[in-house]
Structure formats: C-alpha cells, structure tokens
C-alpha cells in the first residue's frame, strides 16, 4: 500500500498509525472542513494540529488620522480619534506569552490607549531577467518605465482584486531585478501577485525577447529578512506608540521609566547593533507568530516581519519636582514589513475566521479590514514590547533589591557605582 | 462581567461569543487537555486553533558519520550510513507547500537519499552588564574567564537537564555582553537557559558589584535574524545535500541542472545580495514554519531559522558525451540557527507529540532525538529548496517553450540570445 | 611655546622637530601652495605626505548610450559608442596594486574595451527631526511633500551649483529622518549639501516648530557602509562590463573562464554571504582608495564605495566544439555608491588636479566631467576585479599543476575529484 | 613609443605630459626615494601625490592595564596609568577635519585624557577549499584541527615575523572556508599572511587531495565591511573613552551632555539602524583615512575599519542639585577591525615614517609599537566623535536660539514642545 494511493484524510492517518505504530487520535480530532482544507490549504492531509488559543486584552487603540496639513498653517495638530477596544487572539504553545501581552495591554489601556498608524506598501514579487549586458539592462528598464500602463493592464486582467501600483528595479551585469508592487485589497496576496507577475513577465519576454529567469528572484524579498524590505517596506507598515505614566509603570509594570529605558538602549539598540541584527526590538516575532497563527496568516512571514525598530524615551513631567516618581516612558514600535490579510489563504479556515471575527475584521472589506488589522498587529506588538522590557528591567531591579538588603548599595543612589568616574 | 474573573476556557469563549456577537464553535472543538495547556502553554485560553496537517515523503536520509581522520592517512573516505526513511508532518494553511516538499522528497528519494550532518551549538542567552568603564569592562571579562567553572556549577544547579558549556563575550564603553551557551539535551531549552543565566548573572552581580542590566540583551540573539547567530550558530546547525541525476531532474522536477543552477545563482545569490538579505536561500521559512508548528516548536524561531545558505553546482558526468541530458545537480542547504527540541514547550501537546512520534523522535533521549530531528529538518528544507528552484526554472522554461513555438529561439541553442556578445 | 600660537607651516614643523626630537625633512618638502591648502584643505598644516603615484593602462572604455526604446519595437539594440582610451592614476603605497590593475587594463583592452554606464543619484544629507509622536511624524512628512518646491527654492539659494532634486523619508516613534538628495554638478558636494540641508531644516523648524536634532542623522549615510546607500544609491552609480575571450584569458590572465568563475562564486558570492559582508566583490576598495587619493577625492568615502557586486558568467562559444579552450568570461562590476567630483575639495590641489588632467576631466564641466570620471572609476575597478580573480584562479591552478606532476589527478579531467559523487 | 618600454619615473611622466598635453610639474616634485618606492610600493611610478599634513592635539591617553582579577576579591579597581600626550598627524584634503579633531583633543585633554584599551586579534586570510560533499567537509575540518601544530610550523617557516595563532572555519555544501589568524608583530601583515596561507593551503592540498579554490575567499574579510570582522574582530580591536564634565562641554564643545546624547541616539543608534548601516558611529572613516594616509597604512582598510560602535551616556553628578549645568557626558568608541602596522608597506616611505616618529611608534618593536598605535587610533577617533557630535548638537542649539529669540519656546523648558503628550 502506498501513501500516494490513499485519497482520504482518514485513510492516510490510519496508514501512519499502522506503519509507524503510533496513535494519532488527537490529530484526527478536528472540526474543520477537511475537503475544503485539502483542496485549498494542505495536500496529503492527515488531520489537524491543535494550538491553544488565548486572549490578551482589552487593548485600546486610536488611529492617527492621516490628514494633510492645511497650507499656511504652522501649527500641526495632534488630534486623534477616540480609542476602540480589541481583544487579541494568540495561538501559542509558549507559556507566559499571553500573560505578558495581556499585561502590556493593561498598561496601555490605563495609559489611555495606543496610537497607531499604518501604510499600505503592497505585496511584492521580484522577478529577475537575464539580459545580454549593460546596454540591454538599461533598455529593459526603460521599456518597463515606458510601458508601465500596459503592464498594469495585463496585471489587472489576472484578478479583479489586484492592482499593479509601481515597480522598483535594479540592474547589474546581465541581470535586471524588478520588484513589482501590488495593491491586493484585504488579501495578503502573494498568490495573486505571483500570477500577475508571471503574466507581466511573460508579456515583457514576448515584447523584448529577454528571458525571465525566475518570477521570484529574492528581490521580493519573500519570507527572508532583508534590508530591502526594511527600507522600502513590504505588505503593510505599522506604527504604534504609547506614553506610560510613572504610576502605571509602577503599579502595572513594576518598574520605572529610567530602568526600562536603560534596558531598551542596552538591548534593542546596542545589543542588536553588536550582534548584527535586523531586529532592533525585544520580541516582535513572538507576538507576530501567535497572532499570525491564530488569524490564518502565513507564519513563514514572521521571518521578515520580525525586523523593525522599537524606540523609547524618558519623558520628564515638568509639574513635579520629584524626579524618579514622575518620569513617564514613551515607547513606540515600527514594523515596516507585515504581509497580512483578512481574506484568502488560511483566513478562510473555521477557527482562524472565528479569531478574525473576534477582532471584527474577518473577510474582505475593500481594504479597510486589513488596515485595521495592521494597526491591531502594531498595537499588540507594542503591548508585547512594553511588557517584556518591563520584565527585564524588573528582573534587574529585583536582584538590585536583594543587594540592597545586604547594604551594598545606597537605595537612593542606585547608580552611584556606575557613574562615579 | 470581566474577562479576568472568568476561570474556564468555556466561560471565556462564551464571554466573547456574547460580547463580540460571534460564533466560536470551531475554536471550541478540540481534544487537547485544556487544563494542562492552560497551565503550561497558554494563558486566558478560549479554545484551540486548528491547522491542517499534511504529510510529505517518504524522505530518505543518511547521516554523515563524524569520524575523525586517522593520522597519517591522506585519503579521506566518504562512507555514509544506510539511508533511513521519514514522513514529514507539515502543519500549514498555504496550499501547494506540502505538495512541493513532497515532490522534493521524491526527487531526493530517487537520487538515493539526502546526506545530512548536524552540530549542537547550544541554546544561548546573552546578558548585558553595566560597568563603570573600560577598565572594569576588561576585568569583568577576566572574572568570568577565571571563574567559569564556578559559574558552570551555579548554572548546573538550576536544572539537571542543562550544562553551561561556554561563553562568548564582547564589551564596549560601559556595556559588556555575555552570550552564555548551554547544552539542554533534547529540549530547545530557552526557559532553562534564561533561569540558568539569571542565576549566573546574579552570582556575578554579587561577587563583582556590577549590575546586570538585562539577562536578555539581544546578544542571544533570540527570535531576531542576526549575523551573530548566522556566524556563531545557535541551537543546532544542520546541513543536507543531494546530487540529483539528469533523468530525475527531467522526470520528477521537469527541468535541467543548468536551468536550476541559473535560477539558483540569480535568486539565492545575486538576488539576496542585491536586497541585503540574510537568507541566501529559496524558502527555508516555509518548511520551517510548517514543520515547527506540526511538532510543537516555537514558531517565532522561524525569524532566525530562515537565515542560511543554499548552494548548487552543476556536476558533469564524464562517462557520457551528451552534455545537456547528462548533467546532474548538486544542491545543499546550510541552516546555522535551529532552535528546536523534542521535549518541553509545545512538544508535549497531544497533536504535536503525535507528529513527533510519526518521525520517531518524540520525547527525551539524551540528546539523540533532537539530533535526528535536526537532520530531518535539514533534509526537509533541502526537499523544499530543490522543488521550488525547479518550479521556478520550469516556469521560465514553460514560457521559453511558448517563445520557441513562435520560432524566435533555436531550441537546441536556448542561450544564444544571452551569450552572443 | 604652544602649538596654537604658531602661524606658519614651517614654524609648526620645527616645533615638532624640536619637541619630539624628530627630523621632518621629507614632510617639509612639497610644492603645493601651503597658504591655499591651509585655508581650504587642512588646518595646523606642517607639510605634506607624499604618496607614490603610478599609472595603469591604457584602459579602453565605451559608454552605453542611454537611449530610450522606440515604441512598438520589440528588438533592443546594443549599439555602443567607439571606445576611448584612458590612463589611470593610482596613488598607493601597496606594491603590486598598479601592476595588477595594469594587467586587468590590458586584458580589457585586448578584449575590445569595457562598456560602462552611470547614473547620478546625487549627494545626500539625512537630517533627523524630533516630533511629538506619530501624528506629528505623519504631518511633518506631509508638510515636506506639500512644500517641497519652496524647500527646493531655499536650497537653491544657498548655492548656484546645487539643486535639491528629491527626498526620501522614514519616520518612527518621535523621529523623522529625511534624506535630501542634491544634484551638485561636477562637485562631490557634501559641504554644499550640508549647508543647503541646514537652510532647509531651519525653514522647516520655523514653519512647523519641530526641532531638527541633527542635520546629519546617519540617514545620509555618509562615510559608513549602509544598505540604504547600497539599495537607494548615493552620489553616482557606475557599472562596467567586459567579455574576455579564452585566448586573452590564457595569454594575459594565465587562466580559464571556468577557473575564474569558480573563484568568483566561491569568493564574491558564497564567501561574502557567509561572512555577512556588504561587499560582494574581490577588492573594490583597493582601486577606489588609490584612485581617490590620486585625484583628490575624499578617501573616507571608500568606506561606502567598497560595497557593490561583481558578477561573472561563463559564455559558451557555439562555433567551436572544443569546450575548455573556447569559453569566454563575462565579468561586470556594480558600484552603487560613489561620492566623487572633479571640482572642489581636494581636486583643486596641484598634484590632484594634474592627475585629473591626465584623465581629461579636471575642473567643472556642467556635470559632464564627473560623469566621465564615474565611468572611468567603474572601468578601473573592473580591471582590478578581473586581474585579482585571475591571480587567485591561477594560484590555485599552479598548485593543481604541482599535484598533476605527481600523478594524482588526470590533467584532462581536472574536476574529477570534485564531482564524482 | 610605448609606456611599458619606459623605465624611469621621469620618462613616464614626460610621456604623459607630451601625449596628454598636460603639465605634471607638481607630481614631479617629491623627495621620496623613487627607486625604493618603485620597487616596493608602486609600479609604473610617475611621481607623487602630495597630501596636506596637519596636526591635531595634544591628546592625552592613558592605557587600561589588563590586570587579571585577584581571586576572592569582589571589588574591581579602576586604577589607570598616568596619561601620555600625543600629537596626531592627519593627511587630509578635507577642510575642517583637523580643526574638528583638534577640538576633540582639547576637550579630552581638559577632561583628564582618554582611557584606551586594545586587543590583538591578528591579521586574517580566509582560504576556501572545494570538497566532494558534506562528509569530506567535516573531515577536512577535523584534519585541520588535528594537524594544526604542523600547519603552524609550515606557516612559521614562511617568515620569522609571523605566527599562525588559530583558525576559524565554516563549511557548507562543497565549500569549506578557513580563516587563518596570524600574529604579525608590528606589521599589518597581509602580505605575510597571504604567503603563509598559501604554504598552509598547499600543504593541506597535498595531504588531503582537496583543492584550495582561492587563498582569499572573502572569509578574511579583507577590505570589505563584514559582520564576520565586526563580530570576530580583525587586526586590532581598540577602545577609548572619556567622561567630559559639563563645564568643558560648555566652554570647549559649546553644548550640553543632554544635547550631545540626543544627537548620539538619533544619529549613531536609530539612524544607523534605520539605514542598515554597519557603522554605528559619527565618522570613524574620516579620522581613520587621514591618520592611515599620514602614517603609511593601507587606506583601503578604511572600508572595514569604519565599522564600529560609539556609545554615550549622560552621567549625573550627585553632589550638585542643579541638573542641567552639571551633567557630564561619557563617550566611548569601539573599533573591532583595525588593520594597522608600524613597519612594512607604506610605513617605510619617508614622509610616513616621519609621521610615525612624531607619535614615537616608527618601526618594529616586538609588537609594542603597533599596540600603542592602535590605542592612539582609538583615542583620535574618540576625539573626532566627540567633536562632531558636539557640532551637530550645537548646530541644533544655534537654530533653537533663533527660535527662542522669536519667543516660540520657553528657554528654560527647551523640551516642552517635545514631551507634552
């Protein structure tokens, strides 16, 4: 008996139970529509993996209105919309993650909510063409520039849900790389983007006689960390920020602005610089992975989504003379590369769709659902950063307290031993 | 009614069904032990996310015996052990992934199997200390060097499953970063490593009066892509290789060695170089994400695991005079940073443990299970690379065939138009 | 007596001869106008450093005409202009460099000359502003977009030799980085760009009340390797290519296409990927440093100029049946970040101006001189790459020949031992 | 008449004066020994380039004694040696550089001098071998490990000034990269290292039958920025630090600790992170280029030397209650990759040797001269960082003052507008 001859999920599973002498009863316990999943999501299906699903929140988020400045006005207003509350579904097997994000949500909530902003860069597919040399390299670029409207039409014919918006191209030697950028509405859109790029590349091949070596030339850059993605952005960019007052730092996060700042600079800045990291943050990947799995995103996109920069600033409150108690902490996250969607791919599976519905963003909504989702992702990641940086700062403090108990350091002058030069 | 007051999975789920007016019946359908999962894997649990689980394979793997060279012998033998067959469990929502890996497995299988090698680097935790300046920076390093055996003892007291094996330290200004490296047997081991690092850092603090700013100073580097991880390695390193003969390239992968090589160099090498990527590969992240989720690994580790280098070489077969038909393709993968385990974390959940049991590596086995698992991961990633590179090469060829039909290119001299200068 | 009180070059030099008890007679031997140099190039001047100046060449270069494609025509022509010959001045203390570049020039010359292309990106200065948060971050970006013409006017008022052409901006948290891009004619232009950026930033500060933290926020990125520079380009981009026939590879470079290719892929691609390098090349920095010093460029710009990608391809010659003897090697260089000029800075010094005059590009010429110079730089770097890669390949071959003499490898099947699996 | 037939410097120069119709009278004015320079430093020599040489300083430097900790003592002492004063020779054509470094020297001088530390990593050469696959890859590594003493002997036989100290090797697919590390006394040592590596690689080839593709496989990584160099170090590592009191910040640097810190974090940390830079500093390359040219170093090494991290910290002075006036700034530099020497290469040329003699480190001195020189380089770079960061901070302040004059911002609460959220 051969695996390839087996047609149903059950037959395959039983095949393994027999040949490997294992019991797969839990893998066999699922409620999702296996015919649909087999057709759309997973070949050779034998069942389902169950991932515990937890909830963090509520998390209050207010979106930054991208209003253009009125001409002639010097003063820029900061008016934000009223915050909305979300509960964040996180599918994870790593204990403490939900609790940690939850604590961050609470700190943000009590600080008045997170402000968020987002920007659609678009799904990208980076084809590579093989030209005869520099002259043809230049003319191919010119060709694409001059015929871009035609190429947009060709791309648009492959799907009504996709628009080719722009391209970003670099050539060297006999290679020209063309990163095509697509608006794919509420979908993450890589499949659409690939089909459209194939159509566009084929058209270019026909017109110019230049061969497309690969529709995917790592100039996308899909599912790998890359500076091109970090600098140009990919999918969605998301930002989130919050200023946490001293009292909330103390009561919810068990730390101070100064201690969190010290950890941030040592870890997210200098530590990342010293290790040659693309991630200048505490743990974007943790929150992204859990949120992506819960909501049917492609978890391989965590590889690129984990790049990004967290910033922190100690904000002095002028009205009070007591320094330590009164410093707030401003903290922000910047995620330049979020490949996400609320329709298509895994978002259509039953449990994943339910998770999106908890957020109120399930299904297509002319791009509005995915934008809201992008900002939720940003805010959830912010909650994760605030909580972990506080934990690390608190840990240090906890040990400092142990030392204090033995009288080695004067509690009111904690930094004496490190700043006396 | 407040979420925090709700104690059971069912109560919480019903709370959301009511307050968000959504139906969570699928999230509520699961078989895993929610009391255990709530305690160990996921707080505020409301149910489970179901991920379709497919199987690719069989995949034949033979391990490279790390035998030391006999002194005085010039000739190095390449004798490998007999291949063993594995079926690869992949939990994914992305259609075509299982089928693609499956095709790669078939090509490897018919080529005699993959050779693999692996090396335990160890779990790392990178603490950061705040010193008074360069002099103390130097002496702290000396202190750790001179007292390393004591620190090993302190680390070892935190768990019988962990050994502190070495440290890698860099200092600058008033910061010293110390990357502690641990053998954690069959466990991925980050929790153990964190607890041990905390104990070691506390001991250093007590003895030297130097403050540890954070036990996790991004010098780990945990869950972020970093060159430190790529260069020094983290967790496990895995390698896999196969030489695919021309006939199998043609029948299974529908391409030729030359076409696959051309895609490889354009995509994995120049395309990645041009985009500033850390991933010089086709799609490690796809296979890692699906295999990690299926087997209870931490999917956030895909962020660092996706870095790595795929190599390819066209191998000429001397015995035949017919060039095109007879070139084989050597292809290899190198994954320097795999944080994996077969015990602990998500590996204990029911469906995940069953997936590990399909591979025959469930549970602890004094480090042997995780080593086998590392090499399975390497071989599975190799299957994914071979299959995707072939698809991309074939896609190009398909379009080339369309062109051929219109007579623009001479089919026996496909490269004429690109090499005539 | 104090150094600061000394007014002339001679007085200062004598001060050191006396106080340090050293003889500075050579430093005191120079012909350049020390009054002018003291005023424009070097404070506290005590004399001059002499760097041996050598000449490589002649190097034949033909520029790629950037002609736009005629609409409706499928076929792209590769017609190049007739090559022009240049002698390359190289100021260096490193023996063998001039000889090596010279050999590369000869190989290129005998292969019909290098083709070059270039593109003015422009000098950049990347200011950083401190905003109150994400809302103001967004509005500042909008402000610059909407008032860009006004800012161009303000920039243009600072110098008639400068035009603000565009900006590239990214914001995160309370920071907004704005990379202003300038056309500075034949000048490298950093001083102009800084003055213009200061004027523009001051205007923005006045209008918006937002503080510019630094006119140079490393978003330039000046004199540091950065992926932003590599991806977006800086100053000038230059490309050069040549296809070297087998006979010239054999007679001039003492190697074969295949051997050079093997070194290229192992060194410039995989070696650079494995070491996390930004330079996917053999030794751009060597040629840049020598050419920059000779012609009065700022040698600190070698730090960024050294990034770039060399490509190579074995080109099969169909007309011959004898494979090994008849393969040509296509080789190209891509330098995305050349901060260069033919007027201003060190280019006005006597010896430097003479070196530029050897190239026929001394002084300002409405941007034409610097463009020619950019392509000369590209072609000279190409000569250096070809020569060094050949030397490395030849070295390997030489040792291979030693082995051959002992009968271990069959000379007609050199690769047997590496492809027999 | 052909250039290659001309034998003397004068003949060649006259050839160009005639054929290019240019006047090279300044290039022809030099005092260096052109016979020696032609033989050792520069082929096809036609004269010399003159670079203005200025002096910055005095710069007070005290070395950190690398004393090992006494066992059983908790307290780590910071006792430093008495500072020594140096004048820094800088060959540059960029106006303001010497003046800027000079100002930094003054600030350091008045702050009691810089503390420095250094560490010899060693010159590296990274050969690449082509193996038959993973098994041979592993055995080659084992071979080198087991025969390392023999290889050390072979290396040592190529020069009495060189010792092979260790190797750092990585393998993937059919490539093994071996970074050989050498102690080359007072010489920078690349030529020695290459000769020794060739001998070692030839020996490995003979013993194992494995081909060395290239003795220089970019795993050095020579003259390119690379994370391998930044993380492992290359040549020499140097550190320098100083704490500048508020009064000196005010009188010499015209700024405050807080303003300099704000520029540092925005520029050297976040700006570099956002631009994907390897240089987390203000302008190491400027000082390195000028100092390297003056002292006969290879200026191409600026490409790698420019990587490194500057840190800054605001240090609170407890004894005073007036915050703004009393904060000091701690600033440090970390240069992990300095390829330098005081003997060999360009250091033997007349003007370069004189510059080294001004520093008191000309010639070989069993490694002591180059160590002193490394720390001088570190301290000079520190002076450059302090001065430029202050200039940028002051520039911002200057404009702030203009705003203040118009009453927009309350001068005693300068940060009100940026921290009021």
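We just call them A, B, C and D in the order they show up, numbering each chain from 1.
We adopt the following convention: a contact is a pair of C-beta atoms (placed from the backbone, for glycine too) under 8 Å apart; a residue touches a chain by one contact, two chains touch by 3 or more.
Nothing here was measured: the structure is a model prediction, and the numbers come from that model.
> Show me the overlap between the contact partners of chain A and those of chain B.
Joint contacts, listed by label: C, D.
> Distance between chain A and chain D based on Cα centroids, please, to the nearest Å.
Taking the mean C-alpha position of each chain, the two centres sit 38 Å apart.
> What are the residues of chain B that contact at least two other chains?
In chain B, 78, 132-133, 170, 172, 174-175, 206, 209, 227-228, 230-231, 270, 272, 274-276, 278, 309, 311, 313, 330, 419, 421 touch at least two other chains.
> Viewed as a graph of touching chains, is the assembly arranged as a line, ring, star, complete set, or other?
complete
> Can you name the residues of chain D that touch chain B in the complex?
Touching chain B: residues 64-69, 71, 74-80, 115-117, 132-140, 142-143, 146, 170-175, 207-210, 227-228, 230-232, 239-241, 243, 276, 309, 311, 313, 330, 332, 334 of chain D.
> Under the definition above, what is the set of chain B residues touching chain C in their complex?
Going by the criterion above, the answer is residues 78, 227, 230-231, 243, 265, 269-270, 272-276, 278, 280, 309, 311, 313, 315-316, 318, 330, 413, 415-416, 419, 421.
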